[in-house]
Each structure stands twice: as C-alpha cells, then as structure tokens.
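Shared chain: subunit A. Partners: subunit B in the first complex, subunit C in the second.
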Partner chain A sequence: MKRLLGVALGVLTAIGGFVDIGDLVTNAVVGSRFGLSMVWVVAVGVVGICLFANMSGRVAAASGRATFEVIRERLGARAGLANLSASFLINLMTVTAEIGGVALALQLASSVYYLLWIPVAALAVWLVIWRVRFTIMENVAGLLGLTLIVFAVALFLLKPDWGALAGQLAPSVPEQETVWTYSYYAIALFGAAMTPYEVFFFSSGAVEEGWTVKDLLQERINVLVGFPLGGLLSVAIAACAAVVLLPAGISVTSLSQVILPVAEGAGKLGLAFVLVGIVAATFGAALETTLSSGYTLAQFFGWSWGKFRRPAEAARFHVAMIVCLLIGMAVLATGVDPVQVTEYSVVFSAIALPLTYLPVLIVANDPQYMHEHVNGRVVNVLGMVYLVIILVASLAAIPLMIVTGAGS
Partner chain B sequence: MLNTPDSVPAAQITARPAAFRARPAARPALVALAALALLTGCSGGIAQSVSTAVKDSSSAVATARIALRQDMDGKLTKAATDTSLEDGLKEVEAGRSSVLKLSPATQEERVAQKQALDVLDQCAAGFATARAALAANDGGSPSLPDGDKALADAQDALKQLEGAVGSR
Partner chain C sequence: MTSPSGPLPPVPRVAGRILDAQLHLMDRQVLDHDGVPVTTVDDLEVSGPALDVEIPPGTAPPVITALLTGAVLGTRIFGGRPPSSRLIRIPWKDVAEVEVVVRLGVSGEPLDASWVERWVRDKIIARIPGGRHDPR
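Take a look at the complex of A and B:
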C-alpha cells in the first residue's frame, strides 16, 4: 500500500512538475497562432523527454551517481565542459525565465508591478533550497502544480466545437503564417518539452532520494505515465488558446493573455486555480533549475553537492546556486520581458540539445557503469532517431530565428 | 498631438519607453536581429513595419476588450484586468514607437506613417479610458462600458487601417 501511494505521488508530481513557464508560454503562443496543428510536436517532445529522462534515471539508479558526474568521468573534461557550457547557460536563462514567471503570476494576482516581486521570488527560492527537504519541496510544488488541470476543465466548460478542434490536429500551416514561422515555433515547442535541466534534475534527484535498481520500476512509471499526462496538460493550454484567443485574432505575448481562456470558461474560481498553478509550476521549476545549476557545476568540478548534505558540507554547491539566482535577478532588473526570455530560452534549449543528450546516450550504453541495465536495442534505435531529430532542430533553430525575426 | 482623453495627459503616454513590440528592454536583441535581417536581405520596409504594428495593436486591443468584458461579467479580478490593460498598452506603445522611428522616403509612405500614428494614438487613448474606468470603479465617468466603447472604436480604426495597408 505504501509503495502504491509512493507510485501515485510520483506520478502526480511528475504531471504537476511537467509544465513550466516555457511550456505555458510556448503552448499558449502556438495555440493562439497555429491552433492545434502542432500537437504532434508536443507528442514528439514528450516521447523524447520520456526516453532520455528514463535513461538518465536508470544511469543514476544503476551507478548510484548523477548522470552529469558519470559523463564528466566517462567522456573526459573536454566533452564534459562542452556539455556543461551548453547546459549551464540554458539553465541560467531558464532560471531567469522561471523567476520572472513567478513575478508575472504574482502581478496578475495582486496588480503589484512584477519587478517588485522578483527579489521576493528569488529569496523564496533560496530559502526553500536552503531549508526544505528535497522530497517535501518536490512533492509540494508538483502537487500544487496539478491545479493547472483547470486548463483542461476550462476547455470543457468553454463547450468548443470538438469536431472543428479535432480538425485542427492535422499538421498544417495557417493562411496568415509562413512555413518558416511554423517551423520556428515547432522547434521552440520541442525545446520547451525537452528542456535539458529536466534530465539533469531527474538524475540528481534520484541520487538525492537514494534510488537503487530496486526503484527502477517506480522511476519508469513516474516517467512513462506522469510525463505524457503532463504533455496532455500542455495540449489543454494550447487548446484553450485556440478556442478563445485564435478566433479573436490575439497572438499571445504576455502571461495575462494565457489566463483569459480559463477565466472565460471557469470564472473567478478557475482564475484562482490557474494563478495558484502558474505560481506553483514556475516556482517549482525555479527550484529545479536553480538546483540543476548547482548540480551541473558541482558535478563537473567534483565539489561536494546535494541537499541531503548540510549546506556547510556543500558550501560551493550552495554558493553557486546563490550566484545563479543573483544573476537571474540582475538580468530581470534590466527590465527585459520575462516572456521574451522564456521564448529565447526554449529555442536555445533546442540548439543545445545534442550536447546534452548525446552524452546521456553514450553513458547509458556503458556496461562499466550500467552493468546489466545498459540500453536495450529498441531504446538505442529510438535514441538514435531522436539524436537525428535533435540535431536537425538544433541546426535549423538559428537560421529560422533570423529569417522569422524570432517568430514575429 | 495625441488623441487622449482629458483624464490622462498626453505626456503620460508619450513618456513611456520606446520598444520593440511589447518588450522595451529587448532593443539590443531587435538591433541584432534587424542587422541580421538586413544582411540576409529580409528587410521589410515601411509597409511591413506598419503592418506588424497594426497586427500587434489589434491583438492587444482584442485582448483588452475580452478582459474588460470578463471583468464586467464578474469573471476576472480587478488585478488581472488591470495587468491585461497594462500589458496591452505596452504593446500599442511599442508599435507606435516603431512606426514613429521609420524614415519614409515617398509621399505615400509619409501618408501611411501619419495614418498609422493617428490610429495607434486612438488605441492608446482607448486604453487610457479603459484604465481610468477600471480605476474609478464607482459608477462615475468613464464607466467600463465607456472604456469598452473607446476600445471598440480603436479596433474599427485598426481594421480600416489594416485594409488600407494591405491594399498598398
């Protein structure tokens, strides 16, 4: 019974923790401009993140060490540094975007200008990382993030023409858009689903929670059930935008537009749920990305790391996270729009994907670390297919960004 | 001269920062992108810039009208409505600023720029009326329906301008 509860909790937190500011903004933008014609991209992204998160969780459980630590040892300092540079910079952008997302959501709830909320949000992130136990932190943020299910509820309450909505599912470029903007946002959506920090956080979290090979089944269920259900939540966000915003000619450029379909369908109660959900999702992701920054740096340089250690025993790990939070705050203090930081962060995530995921695939095939838990043939074939997709997305991202004026 | 209601001085609107679309601090990114666009031969010209500003402003005005209607229906809180209006106004100001910076070379382009600026001023004024109505919230003037009416008029003007820009 206890094990069953553990599995249920793991799945629920995986659903609630799946959506972050990148998913919220990108799905709403795509829904408002392209309808549901990019649901296939979400599906491709979800399969990809399941594949690689499962792989890195298995690396952690089988070797007892975090994926990044093993990559550094297995591939050497140079390859590790390439991986670190790409992952860390994207991570830093994502930390910035998530803290900005918390502040924007709090502005929607209070009408106090978001810049005033930024130090509060960053301080709260630091306090939670400093004081709260890993499991509690992960479960509370994940469970509160579940309130984003209100997007799916609102979709039903909006009583859309389901036939017309289903008709949008076929991949097609709307008349007012070009094939270039369609491709650009497809890559952004793919990058949002496969954000590198999720993999590093997942494997480091496995070490924090002391997973062993006995926990592999639960890890697999968490990933294979929780992430696809989280993906459905992403589709609900896009569908809400497609039903309310697209017909009104609204292109999403701010978080205040993302919540309007929920208020339309579910009124003030729905609004309360969605605001709690957005704060929880962005705050939870801010915790994860800040921790991921500390994890990757500490694991590369061989510092003592982990929340399972007292802060004094992992001082450099904690200082690194504080510095990341300060950098994120400084960037936001310039007045840069957090939504725009988010849009760029998901595209740059896509650019950095090969550097993140190729090493994971290599390590997951090394019997020295994995013993009998190395990748099977099917997983390797899928992994290779995804490496090709990732490479194409990575190479096409910058030219498309230039040609489309960043999707404008 | 800005077309603003008495309750909101014109200076209050023009004093806001210029920006790339809705994102004031994104100017370096815009400059980089514009430079790259020029290098790759993707530069648009006045018609394209005006068209982009009009589309962005149309989206902002449509958003504001939905937010106001939801507020009147009791579906949206005052804080959320206020934030929506503020975001929309930023979007319109960014569009206005980008049109203002254009350097028209022909008489036709000068006319297009002037028309666009007039309509975008009307949009900003509509937002000002809506925000004043939300702030008043005491049954006085302007009321929320007044705000909606001002935004509806701006939306009509944007549609006409969109048609005119499209036919050029």
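Take a look at the complex of A and C:
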C-alpha cells in the first residue's frame, strides 16, 4: 500500500512538474496561431523526453553518475567545456524566464507590477534551495502544479465543437501562416517539451534521492505515465487557445492571454486555480533550473554538490546558484519581456539538444558504467532515430529564426 | 610491409589491469575516502625523460606520479602550460582505486586541490545563516 502511494505520488509529481513557463507560453502561442495542427510535435517531444529521461535515470541509478559528469568523461575537456558553456547559458536563460513567469503570475493575482515581484520570487527560490529537503521541494511544487488541470476542465466547459477541433489535428499549415513559421514553431514546441535541464535535473535528482537499480521500476512508471499525462496538459493549453483565441484573431504575447480561455470557460474559480497552477509550475521549474545550473557546473569541474549535503559541504555549488539567481534578476531588471525570453529560451534549447542527448546515449551502452543494465536494442534504435530528429531540429533552428524573424 | 604468414604473436602479458590514461583516468571524477567529490582529473603528471632526448635502452618506463587539477584545465584546452609551481597535485600514492571514478585513500579536506572549496565555504557559505544546517 505504501509502495503504491509512493508510485502515485511520483506520477502526480511528474505530471505537475512537466509543464513550465516554456510549455505554457509556447503551447498557447502555437494554439492561438496554428490551432491543434502541432499536437503531433508535442507527441514526438513527449516520447523523446520519456526515452532520454528514462535513460539518464537508469545511468544515474546503475552507476551513480549524473548526466554532466558523464558528458565530460565521454566528450573530454574541450568539447565538454563547449557543451557546458552552451548548456549553462541556455539554462541561465530558462532560470530568468521562470523567475519572470513567477513574477508575471503574481502580478496577475495581485495587480502589483511584476518587476516588484522579481526580487521576492528570486529570494523565495533561493530560500527553498537553501533550506527545504529535496523530496519535499519536488513533491509540493509538483502537486500544486497539478491545478493546471483546470485548462482541461475549462476546455470542456467551453463546449467546443469537438468534431471541428479533432479536424485540426492533422498536420497542416493554416492559410495565414507560412511553412517557415510553422516549422519554426514546431522546433520551439519540440524544444519546450525536451528542454535539456529536465534531463540534468532528473539524473541529478536520482543521485540526490540515492536511487539504485531497485528503484528502476518506480522511475520507469514515473516517466512513462507522468510525462505523457503532462504532455496531455500541454495539449489542453494549446486547445484552449485554439478554441478561444484563434477565432478571435488574438496571438499570444503575454501571460494574461494564456489564461484568458480559462477565465472564459471556468470563470473566477478557474482563474484562481490557474493562477495557483502557474505560480507553482513556474516556481517549481525555477527551482529545477537553478539547481540544474549548479549541477552542470559542479559536475563538470568535479565539485561537491547536492541538496542532500549541508550547504557548507557543497560551498561552490551553492555560491554558483546564488550567482545565477542574481544574474537572472539583473537581466529581468532591465525590463526585458519574460515571455520573449521564454520564446527564445525554448528555441535555443532545441539547438543545444544533441549536446546533451548524444553522450547519454553513448554511456547508456557502456557496460563499465551500466553492467547488465545497458540499453536494449529497441531503445537504441529509438535513441538513434531521435538523435537524427534532434540533429535536424538543431541545425534548422537558427536559419529558420533568421528567415521568419523569430516567428513574427 | 610483408603480409603476415600466420596469426599475429600474442600481446605480451602484463601483470594487473590495463588502464588507458585517456579513457579511464582523464576527466574522471575524483572522490575522497568518504565518497565526497574532490575534483576532476584535469591532467596527469608522468615521470620520465625530458622531451627530445635520446632514450637509452633499459630505461625504466615512465609512471604516473600525480593527478593534476587547477589551472591545467585551462591550458589543456587552450594550449600552453602553467609554471610547475602553479600545478595542484594529488600524488598517485593517495589513489586507492580506479573504477568508473577515481577513489582516494585519504580525506579530501586537507588537500591542496580543495582550497577553493574551503575558501568559499569559510568566507561565504558558512557565514550565511543556516549554512551548516543539515537538510536531512
């Protein structure tokens, strides 16, 4: 019974933790401009993140090595450093976007200008990282993030024409858009679903919680059930936007437009739920990304790391995270639009994907690390297929960004 | 090159396990005897004759004398070489085990390789309230 509860808790946390500011914004933007014609991208992205999160979790459980240690060991110092620079900068951008997201959601809830909320949000993130136990931190944020299910509820309450909505599911470019903007947003959506920080966080979290091969089953259920359900939540966000914003000709440029369909469908109560959900989801992701920036640096340079240690026993790790939060705050203080930071961060994530996922695939096949838990043939074939997809998306991202003027 | 007329002669047997310095040592995580991360192997120090010197027959083969860390990471990536006094060494005799990670037989706390960690801890982290609080 206790074990079943543990499994249920893990799955719920995975669902609630799946959506972050990148998923929220990108899905709403895509829904408001392309309807449901990109649901297939979410599906491809979710299968990909399941595949690689599961793999990196297995590497962590079987060998005790987190992803960035593995990256340096396999790529060497030079390529490893190039990889660290790219991953770290993109992660920093995501930290900035998430803190901005928390502040924007708090502005919607309180009508206090978001710039005033930014120091509060950053301080709260730091305090949780400084003081709160890892499992409590993860579960509370994940469970509160579950309130985002209100997007699905609102979709039903909006009473859309289900037949017409299902008709949008086929991949096709709407009249007012070009193939190029379609491809650009497809890559952004793919990047939002497969953001590399999720893998850094997932594998380091497995080390934090001291997972062994005995926990592999639980890990597999968390990923294979939790992430697809989280993906359904993403689709619900896009569908809400497709039902309300697309016919009205509103394309999403702010967080208030993301939650507009919920207000219309589920009223004030729905609005309250969605605000709690967005604060929890972005706050949880702010914790994950901030920790990930500490994890990547510490694992590359071999510093002592982890929330399971006292801060004084992982001093450089904690200082690195404090510096990251300060940088994120400084960037936001310039008045840059957090929604725009988010849109760029998901595309840059897509560009950096191969850097993270190739080393994971290599090590998951290395018996010195994995013993008998090396990848099976099916997983390897899938991994190779995804590597090709990831590479194509990564190479196409910058040219598409230039051609489309970042999707405008 | 003459084509071999039979199977190649077997590789001469070496006592112990064969380690590839590049594959099994470089860039591996170094843990101390309590499993606390100390550093990553940034480079290796190898004994032996100077460069460009004729090696007389019968010379003892070079051995690894120390794991290196610190500034060597920068020079290894961008080229050049720091002065010998700037190298931070972990003597090879402190190494207890080479597996997926390199395990030391000593505590990491007093090592030169840990001085930055000690400095950051004593000057910054330990001074923030709760810095020594055990999260568990």
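Operating definition for what follows: the second predicted complex is superposed on the first by the 406 of 408 C-alpha atoms of A that agree within 3 Å, B and C clash if a C-alpha of one lies under 4 Å from a C-alpha of the other, contacts with A are read in each partner's own complex, and residues count from 1 in each chain.
Just so we're on the same page, a contact is a pair of C-beta atoms (placed from the backbone, for glycine too) under 8 Å apart; a residue touches a chain by one contact, two chains touch by 3 or more.
All values derive from a computational prediction rather than experimental measurement.
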* **Contacts of A:V223 with subunit B and subunit C, given as first, second, both or neither** => neither
* First, second, both or neither for A:V403, with subunit B first and subunit C second -> first
* Which superposed partner A:S251 touches (first subunit B, second subunit C, both, neither) -> first
* To do: Pick one for A:V336: touches subunit B only (first), subunit C only (second), both, or neither.
  => first
* Asked: Which partner does A:S110 reach: the first (subunit B), the second (subunit C), both, or neither?
  -> first
* Looking at the overlay, what does A:I390 touch: subunit B (first), subunit C (second), both, or neither? -> neither
* To do: Check the residue A:V276 against both partner chains and state whether it touches subunit B (first), subunit C (second), both, or neither.
  => neither
* Answer with first, second, both or neither: which of subunit B and subunit C does A:V30 touch in the superposed model? => neither
* **Residue ranges of subunit A touching subunit C (in the complex, touch as defined)** => 63-65, 69, 72-73, 76-78, 80-81, 130-134, 298, 300-305, 307-313, 315-316, 318-319, 368-369
* To do: Using the touch rule from the top, collect the residues of subunit C that touch subunit A in their complex.
  => 26-30, 36-40, 42, 69, 73, 76-77, 100-101, 116-117, 120-121, 124-126, 128, 130-136
* Once bound in the complex, which stretches of subunit B touch subunit A? -> 21-26, 29, 33, 36-37, 40, 42, 52, 55-56, 58-59, 62-63, 66-67, 70, 74-80, 82-84, 87, 91
* To do: Enumerate the contact residues on subunit A facing subunit B in the complex.
  => 107-111, 244-245, 248-251, 253-254, 256-257, 259-260, 263-264, 267-268, 271, 334-337, 339-340, 344, 401-403, 405-406, 408
